[in-house]
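In the two assemblies presented below, chain A is common to both, partnered first by chain B and then by chain C.
Up next is the complex of A and B:
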């Protein structure tokens, strides 16, 4: 694994250096090695000599695509490295007209599955970590679109395709995608609760939310220029972090990404209060699949999201 | 000789204290560790720092200030009593005690007294616990905080291995220790407190305030801000961050409740002025404000860093924008001219 990481890191640096040196792009979003062995956070570089900062390994968990929103009003072309799950964020942003496709250079990387830093027991010495749930449940381990690739990864929109490229063996061995069938397990478990249990469950979650909006701010689908939760002036929402107001936020957020959530799992990963946000997203995905037919958001740019299109023969059950 | 209670008497100690006041203990509530009111089902976790800082006991995330109604010229308002009765905060770490000192500076000094904070602070007895095993993200030693004990608390606990030693520092602390003695829970111990273990994170903040005085326009802020999400996670879990907004919870057009609720300089709306001008228009200015406030403006005004090294923001920042890394890079940065 270490050798594969070193090779991918090398390839990443070389490509970024070339792109910046030739002036093809103005900046590159990638990952860099953090302060501890289990941290590989985002980095943005703008000069060829900064390309050495780039690093790739099984801790490069951040989906970087949401950061592109800072460039939505810019004409600068930006390069960005994407794993399979991340790549769907690009489709999301392009479909939502937040990003001009020609202003972003997408570089696909093979993914070995990301380690769960919550399982670290020795903070000084590297150890084997279990995969994050989102990686065990992953159905798109390969980029769904890319202008360039490194590590020989295959670009494909095929659901449940096997992991490809330099990390393919590692990904299979580590269990990437091995729990795809469990994607809706949590939703089913919550649906089996009695109404009182379910209410108590969500009440406990809503009591925890601190309205930090990390879930919203990391999300490529949460891309409104102005979010109603930023201002209480219009009196639709207020800033009180009470369980009722938090529930209003949580449900509004989930409904707003319905049919557009690309299942990158970032919202849940970044929530400091450990709120099972993906359960809400998955509930809506399940419902949409049932009502409108199976649909994976952010896979095919030309396919309209079920709630973003209308047909003349739509059944209007509520009329 | 130290007064002490055996660890297996912890429940009896807490039961005794809970009779006197609302007792806040570190615990895990719905999978998040935080200070929570003690009760029969509450499991106390003294082994590690909490995710949420204890500031919520003195400075709640949302607090009512007054209720109002205004029909025509008939206005009426009913203040909300800031008192919550006596509280004991049990098992605070040195970093969290230091955080409360920062809140004291802001809410109680320089002629600006926040009645809502002041009342709760006055009613609170603070019991600190010396750290034995620093967490992976801790760096209090670098922020001028002694992990082994904090001299500003009302009473200090020491881990003696099989018992907790307790030393009273103030009249409130004496009262608490006497109550435990009266309940027959205290013994004498000649054991020494366990030493504080090694820190994983290494950082040196020497001279940081002076260095930052020359770095308002440094390109570093742009670099840091590129990955920041401008969420409020770092500020809301920080024991020292104290910004709040005064807002309404309206019942209808005429009546409602005024609330004081947490706010953060990371939000775009935070510095937005009437008329639409925003002096901190982009992430760069907001990120700069966060670190400048903690490491430069606060020390300039109050003589202490506004970071206690608790490591919470390091643990929870979604993009791993570490304050220790900021300190390091600021110290290494070249300044023009």
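Up next is the complex of A and C:
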């Protein structure tokens, strides 16, 4: 595995260096090795000599696509490395007119499935880590769109396609996508609760929330120019992190990304308070599928999200 | 703080019976911003309106709430009332304490409490209201009439007489519609052709009317005053400008097929005019049956045509034209009797429909007006009529009465007796409905002078024995079964909406009921208008109608259409969507969700950190926007807001309700 990662890191660096040196792109979003063995945070490089900083391993879990919003009105062309889940974020942003497709150079990378750093027992000693739950549930391990690829990964919009490219064997071995069928298990469990239990469950979650907005900041569907939670129009919601306002925040956030959530699971991963945010998103995904037919957000750029299109056979009769 | 007035209406006893109006007014005095509140028996009446106007002046009101009936009923009344007192009409809110309170609550306390609550919400909303101003849009002074039956023709002539150009469109080759197939008309028994064809000629020769036949409406864009209509002119394969209508082509055409106009009782050629009095009297080639177009052989018509008008190369043509208003007069279809298996319809040749009989009786019909049985050409002696076939029958999905059948059956019985004096008609009926001028007299005459025997009851079965038809039914007045040996059975088939009526409704953006009849804006007060401004209804497309009713409604629709065209400019909806560009991220969700195509993305440039940057934002066409609010719901960042129903206004209402 280490060898494959080293090779991919090498390939990544070479490609980034070429792109920057030739001036084809103004900058490259990728990952770099962090301060600890289980950290591979995002990096943005603009010079060919910075290409050595790039790194790819099983901790490059960050979905970088939201960072492209810094360039939403810019004419500069930017390159970005994407895994399967991340690539749907690009489609999402293009569908939302936040990015001009021609201004982004999408580079697909093969994904071995990402390690769960929550299982780290020794901060100094590297060890074999289990996969993140979201990788076990992954249905799109390969990029759904890419201009270039590295590591021999194939681009496909087929859901549940097998992982491809250099890390395919490893991904299969570690069980990427093996729990796809359980995607809605948590939603079903919550739905089985009595209204009182359910209320208590979410109340407990809302009491935990510290309103750090990490979930919002990493989300490629959260791309409003000005978020109502930053607005000084106080009449909607209080800025203080009280359970009521937190509940309002949580529900509003989920409703805002309804029909647009690409299931990258980043919101839940970055939550410092371990709130099951994806349960909320999945509930809406399930409901939308039931109401409007099967739809995976951020897969086909030409397809309009179900809540953003006007159809004559809309289940709402008055339309 | 705005100075707000509250006016509580009793609506006679409609509201006052279950709502303590005085208490509502008294309580409202304490709501934030309220400086005056009162109640009165009829707020919409003149004294009520005067009371409001005096209060506006006396208390220097900035806005007011009327707690009364539905805004659908009287919002315009109270807006105009404000305007006359010099107040912006959009500073008025009407809350519905009639339908939402008094009519749904038996308990006076509950009704009163709810009235107070929704009045409180109304006050909170008015406090957030801003004056709105309408824009004006120009009017294209032309009308389109879809369907050239009697209703369409009448509407077109009336609009044209008012001085406006009209395009009269029909998807058939000729004008005339269903009335052209009818022999005589009740209750006067004048021949249908004698009253219809002169109208057709009048329309065709009217300087203000352009006839477009064999054409369909494909798409409608735009809005009241400016509809851009895409019309598909189907290929006739005959150049109408060159054709003189000499008829040589039809004469020589070797292909004979059943004629739709003659209800398949006669034949026509593959190049044909549907009936001798057709307007325009120019033939059309039926591409499905033309030997040249199907097999590439023949082409006789082209060879014999003295003016070279036959053109096999012709293609469908799309034209886009702009109209100020549209009158829909697409009529009806006769109910498909094959749904009545027990009547042998479609299987037994001598079980026919009313329209078949019309053709058999018509002097220019397939039998030259001689009534003959379709099976063997014998003259029938005993004729059985069955009414309500495809009407008033829940089991067949037709709960409605088709209105014209009672009368046309009486007419048939009368005419048959005149043509075959030895004949006898039996008429099975459920009820006899003759609500029209001179209708009852006509029906009585059919019974008394023409020996039509009415049998109250349903027929259960019809079957063939030899060359007779056995009709088995029940006489529910005598309470016993009856069996009649008939020569001919005529089913009084009811009216169905055109099969594709729903498609047209969607194209036009008008509504239809569960059967497919187009829905009027208000059954009593706006019977010829649709909910889409500028689109009017005439004739049977709105529901079953006979000729007098269709003509009357057509003239009504024409007045509405001409009235609209007579305006210099139209006032556009003031409660439209507005985009706050600062919040708009240009995602375009509103563009795709807008049913009126009123939103576009535009580029704006703004200064950022000393430089200029371009970005996309939504832009609302105020003329097209109908204020439906779909965009403001779809907008993820609340950049899109509906004027008059902004997020802040609705939130103020919710707040007011929560803080009571």
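The rule is simple: the second predicted complex is superposed on the first by the 314 of 319 C-alpha atoms of A that agree within 3 Å, B and C clash if a C-alpha of one lies under 4 Å from a C-alpha of the other, contacts with A are read in each partner's own complex, and residues count from 1 in each chain.
Going forward, a residue touches a chain if its C-beta (ideal position, glycine included) is under 8 Å from a C-beta of that chain, and two chains touch if they have at least 3 such contacts.
Just so we're clear, the structure is a prediction, and the values are computed from it rather than from any experiment.
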Chain C versus chain B on the shared chain A, clash or fit after superposition: fit
Residue contacts with chain A in the superposition, chain B compared against chain C: B
Which of chain B and chain C A:121 touches, first, second, both or neither: neither
First (chain B), second (chain C), both or neither touched by A:204: first
First (chain B), second (chain C), both or neither touched by A:98: second
Touched partner set for A:194, first chain B, second chain C, both or neither: neither
Partner chain(s) touched by A:66 [first = chain B, second = chain C, both, neither]: first
Chain B versus chain C as contact partner of A:307, first or second or both or neither: second
Chain B versus chain C as contact partner of A:225, first or second or both or neither: second
First, second, both or neither for A:22, with chain B first and chain C second: neither
Contacts of A:256 with chain B and chain C, given as first, second, both or neither: second
Cα-centre angle that chain B and chain C span when viewed from chain A, reported as a multiple of 10 degrees: 120
Minimum distance between Cα atoms of chain B and chain C in the superposition (Å): 7
Contacts on chain A seen with chain B and repeated with chain C across the two complexes: 235
Interface residues, chain A side, partner chain B - complex: 34-36, 39, 41-44, 62, 66-67, 70, 120, 123-124, 204-205, 207-208, 210-214, 216-218, 230-232, 235, 238-242, 266, 269-270, 272-274
Interfacial residue positions of chain A with respect to chain C in the complex: 72-74, 96-98, 223-228, 235-236, 256, 304-305, 307-310, 312, 319
Interface residues, chain B side, partner chain A - complex: 29-32, 51-52, 61-62, 136, 200-201, 223, 226-227, 229-233, 235-237, 245, 247-250, 259, 261-263, 267-269, 283, 316, 318-322, 324-325
Of all residues in chain C, those that touch chain A in their complex: 506, 582-589, 592-595, 601, 608, 613-616, 630, 634, 636-639, 648, 651, 655
